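Scroll down for the structure; my scribbles are underneath it.
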Amino acid sequence: MSGSTFGKIFRITTWGESHGPGIGVVIDGCPAGLSLCEEDIQRFLDRRKPGQSKYTTRRNEADSVEILSGVFEGKTTGTPLSLLVRNQDQRPRDYGNIASLFRPGHADYPFTEKYGFRDYRGGGRSSGRETIGRVAAGAVASLILKELGITVRAYTKAIGPYEVSDGDIHYDQISENSFYMPNNAVAEKAGEYVSSLMADRDSCGGIIECTADGLPVGLGEPVFDKLDALLAQAVVSIGAVKGVEIGDGFAASRSSGSKNNDPFFSENGVISKKSNHAGGTLGGLSDGSRLILRAAVKPTSSIAKTQQTVNISGENAEITVLGRHDPVIVPRAVVVVESMTAVTLADLLLQNMTSSMEHVKKIYT
Amino acid sequence: MSGSTFGKIFRITTWGESHGPGIGVVIDGCPAGLSLCEEDIQRFLDRRKPGQSKYTTRRNEADSVEILSGVFEGKTTGTPLSLLVRNQDQRPRDYGNIASLFRPGHADYPFTEKYGFRDYRGGGRSSGRETIGRVAAGAVASLILKELGITVRAYTKAIGPYEVSDGDIHYDQISENSFYMPNNAVAEKAGEYVSSLMADRDSCGGIIECTADGLPVGLGEPVFDKLDALLAQAVVSIGAVKGVEIGDGFAASRSSGSKNNDPFFSENGVISKKSNHAGGTLGGLSDGSRLILRAAVKPTSSIAKTQQTVNISGENAEITVLGRHDPVIVPRAVVVVESMTAVTLADLLLQNMTSSMEHVKKIYT
Amino acid sequence: MSGSTFGKIFRITTWGESHGPGIGVVIDGCPAGLSLCEEDIQRFLDRRKPGQSKYTTRRNEADSVEILSGVFEGKTTGTPLSLLVRNQDQRPRDYGNIASLFRPGHADYPFTEKYGFRDYRGGGRSSGRETIGRVAAGAVASLILKELGITVRAYTKAIGPYEVSDGDIHYDQISENSFYMPNNAVAEKAGEYVSSLMADRDSCGGIIECTADGLPVGLGEPVFDKLDALLAQAVVSIGAVKGVEIGDGFAASRSSGSKNNDPFFSENGVISKKSNHAGGTLGGLSDGSRLILRAAVKPTSSIAKTQQTVNISGENAEITVLGRHDPVIVPRAVVVVESMTAVTLADLLLQNMTSSMEHVKKIYT
Amino acid sequence: MSGSTFGKIFRITTWGESHGPGIGVVIDGCPAGLSLCEEDIQRFLDRRKPGQSKYTTRRNEADSVEILSGVFEGKTTGTPLSLLVRNQDQRPRDYGNIASLFRPGHADYPFTEKYGFRDYRGGGRSSGRETIGRVAAGAVASLILKELGITVRAYTKAIGPYEVSDGDIHYDQISENSFYMPNNAVAEKAGEYVSSLMADRDSCGGIIECTADGLPVGLGEPVFDKLDALLAQAVVSIGAVKGVEIGDGFAASRSSGSKNNDPFFSENGVISKKSNHAGGTLGGLSDGSRLILRAAVKPTSSIAKTQQTVNISGENAEITVLGRHDPVIVPRAVVVVESMTAVTLADLLLQNMTSSMEHVKKIYT
């Protein structure tokens, strides 16, 4: 079944394997007249590129994007955008070990059971490289949002147990450390933690937070396509994400109604909320406040420590996953979470356009 | 835009408002030949009925379901099932107050902004009664699962800060207390807590846990329609849910790879995992272990305490939400989470049937 | 698989069998703020009601519609519209004969093969009564079109070999004869023809033409969701329709480019075409001219003449289809073709709203 | 809106413009384990290649396909297939004339109105080259059908007024003439006709017939996704197709029930029909007989004859469409009709797998 498409109007369809000829995405439903060039997309892709710090794999890939369709004289034409990134680092090597063993924490076993066999080269379709298509699409979605004054921003909230508390967030520090954390001091401690794990052939996870400002009120479609529900799908569909929460999230479950409800108030004719425990959604629709979500990322599954497992013949075995692996994928996943959020918002902005006869008449009369 | 449909093959479309003539669901794509009668569905609906304990609203509704189509001589025909529940408790009353004020924590404000006006009677489409369609569909999905030996079970993990720890779960006690908690002792404390909140005109939330046993390996569709991604959408789409996690979820973000990876082992030709931090999914596909998810439910928004808000003219005002409201909706939402899980699983089971030529040939040759 | 839904934004999901409790449709994605009452829908349903002339079945059904959701104080709310028509004429009778025989020209045989059994009462889901949901949805779609100045009109072009030629069309005569033909003289001859067939226990078919005026230029989505492609699906999905053509259709295949191309011209700043062989679409998009399509309807399959067939045990047998059947379904199908055209247009009007950044900015800035 | 995707399980998404970097398709939902190599696809693409006879454009394109993803060790993996054909003949030339004029019979005018501007190079997305993605997908679909013993075959039924009558069809002659007609004698007359039109700078159309043998009974999904309804969409979505009919089609509208109904009979336990006026569908489901459809193709719009038109400033003007154009596109469209039929059938075969609990249990127990 076709699970490679996301979105209803702004629809993205990703394809590609880690060690095949390339990776890409087709975006159908992008409105015509949006200024777009390859650099706009490359800027996003560069944020997820490997080899940018000592905490990421040194796999050497330029990940250059080519626009194959949908743009004419610098503007989108309304027809599908096809974006291609060629895989460069396809050096032939011995996958024999990986080919015959199911790596713990990986999709090897269920893929083999589902399809009868699997592309064992570097994880195939389950590789982190799959996110290239998401990020390329996110770049395009972000341009639409930008034209409407909407800003999406993701960063690392926590690396393992090292978390930036809400009061200590400094946006200007995000790009100043290897972890994209809004606090250099916490990032430094996180760095020491990750280094010690690397020495121990181990790995860790973390939490990514993403916000969106400038959203109109009313985005999201009741009942199943609520803003928060689609964001939940979008974010949990990223490999290694094991949980998502909106606003206070799980903490809200321990609060009381009188504390958790955000009171409305009006000032100079503008309706706002005095607090934002809700994280920007009410009844699944955007409420005009900042959208806030957090994604829990599990520790990297590929570790060099010896683990117990089973081979494809069903016999017990041991495995040591060698090769180039990030000790923590959180920093590189930041732009993926931001991209999936942007794609979801762009789609819901387009969906919302048809919500009332007033809108319909604005376009047609 | 059409956000009232969920699923790709087993597709449910819900409709209905709290105080309109009725609530219902159309299920298209249910396989033919499934035994189904109204009692099968009623049993599920009765679990979400109000008025069952002192902790739920005393609204008096029978919520009797009628099957309008799709069943012939006790079996589904393969054509759409239309299920209808008439609203009975539509007593005319004064909504004037609610009609002109935006209730904090409710969808009143964004609905009004999105559509230009709203059905203010009892929350309209955002009412908890909207879940009747979900639960009716969940009853049908559960019958499919049952025929394949799959069991879905949801219960209350926590009421406010009162949580049943993983080691203290007693399934046989779930039906023995008003909160559907698998631990009567914790439930008793939770009861005292809720009673004190009621006295204080306040409310609370909690956590619902849901498990599924007996799943075949490989359910879920890469990339965007992963099992956990669709469950995330399904569960977060339920009103008042602010977060979802699979397996260790947010705790996994603080663990290490060597601890979080579940080692495989083989015994008598059966492949299993020694632990289940993953909660039953690997790479977004079911891995043969127990599926585990948790949903964070916020405190009931409707509280009798006076709150600050804004009226539809944009002026500051105060509101006291009177009427029949649950001090905590968690107990009644348990069957909703279970239903959405069952619907998601039924759909992915059908989707997975077309995953390989081996399956195709099993059907056609 | 779920084949009971049509449309992407204005989405209709029909349900119901001929002899079950009722028939209905859920419309999701109807914009908020449209004035709608039951009479608006009833007017359309009355046009397909049986028993209106000596050429239609005398089955006595009021076919009264009830709006179950989605309307508040006379206006659509943006939430799903659920429309219900109860089946009244469910008198118990002996279906034994029909139950065990496959009627020629009917879906009995493939339904039984597909699903393992079938609801044999009156054709079940394949009954002409299935179109009630389509017509109810068409009534709503037509109200949207009306607000934008778009008029859809269907009529009978031919009954058997009796065809109204293009030059002889008189719209004012459509409602003056039993066949909804725009020419009373041809209708009279058609009446004699049908009477003779009835005497002979036989039946006939015909051609329905449908036009739409006032369409904006550019409706339809390249590549697969072209205006004409979706109309083709919409119309051929109506039972008994065996062909569809746009503009000159099959005749165009025998023409030449220089004759078939419609020259553009400009007058007072308005671009028009000098002819309309294309029937209002160019490249699958509306071109501002009148939309013209024709549907070929096969002769009624249910005839009282004895026919050869096979029973459900696979033995050769004879069948005489008794009961209440229209000798020609064309007149009652006219409103169905009009409805499906209206639904398709309404959906494409909404889809087209998101086609350009210019539109996006019109809504959001 | 996203109109570039077709199918629900076997989903194809095409992209690409005539004079951009390339053309392609992503196929999501192809079952794993299907043998597939580039030659399988190339064989289909070669059938639509230009320059193969004096009646087609001499544009020189190799149209070589590259498989970018979804195949591992010669078999599909169950993940999306991405197929790419680079455009080679992108020689820079003067489009000035075409850029500022709306070509009669082309999509220039509605595209410009819809999107605000258009890619005027060679028709952009409306070019016949768009069908490359369809044919590449059709090649893959045909391999699935072949494994199930299903054969799809298309050919030219008529070129302008020169039609092969049903009794004169010789399948072995299809590949013996430039028109893919199953009758060399008619093809010869058609050749003379086309030559005379070419001399006159004119063009013509024709009719393509497509059959499918070996279909299981019951393909197609009631109500809107009937086999014939989806085929109608699939075929009319091909540029230049103005009509479609199934079986006797429009002729059935002039027949009587007693003649048009196909009697069933049983022989050696096999149920068949004595005639096939229905063209292989009953109630929109395949009935086990040969599937027969016909598509009406309009004359090529690009003719060198001078025509009246309007320029993009809305002024009256004359146009002479120069360049490389087929005087009749029917021969090259034959494989496109066959491909769209194959894609539709493959999708419905997969959809039908989930139709009954009997099927479900065959896979899971």
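The letters A, B, C and D name the chains in turn, as written, and every chain counts its residues from 1.
By our rule, a residue touches a chain if its C-beta (ideal position, glycine included) is under 8 Å from a C-beta of that chain, and two chains touch if they have at least 3 such contacts.
Worth saying up front: this structure is predicted, and the values here are computed from it rather than measured.
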item	value
Chain pair showing more contacts of the two, B-D and A-D	A-D
Longest centre-to-centre distance from subunit C, chain (CA-based)	A
Chain centre separation in whole Å, for subunit B relative to subunit A (CA means)	25
Distance from subunit D to subunit B - Cα centre to Cα centre, in angstrom	45
Approximate Å spacing (C-alpha centroids) for the pair subunit A, subunit D	38
Sequence positions of subunit A contacting 2 or more other chains	1-5, 8-9, 14, 29, 32-33, 78-79, 114-116, 125, 216, 222, 351, 354-356, 358
Chain-level touch network, classified as line, ring, star, complete or other	complete
Residues of subunit B defined as touching subunit C within the complex	1-5, 7-11, 13-17, 20-24, 26, 28-29, 32-33, 66-70, 72, 75, 77-82, 84, 114-119, 121, 124-125
Parts of subunit D lying in touch with subunit B, wherever the complex brings them together	8-9, 29, 31-34, 78-79, 144, 147-149, 216, 222, 349-351, 353-365
Partner subunit B, residues of subunit A touching it in the complex	1-6, 8-9, 14, 102, 104-111, 113-116, 125-126, 130, 158, 160-161, 197, 202-207, 216-218, 220-226, 228-237, 239, 242-250, 252-266, 269, 271, 274, 278-279, 282-288, 296-303, 305, 307-310, 314-316, 351-352, 354-356, 358
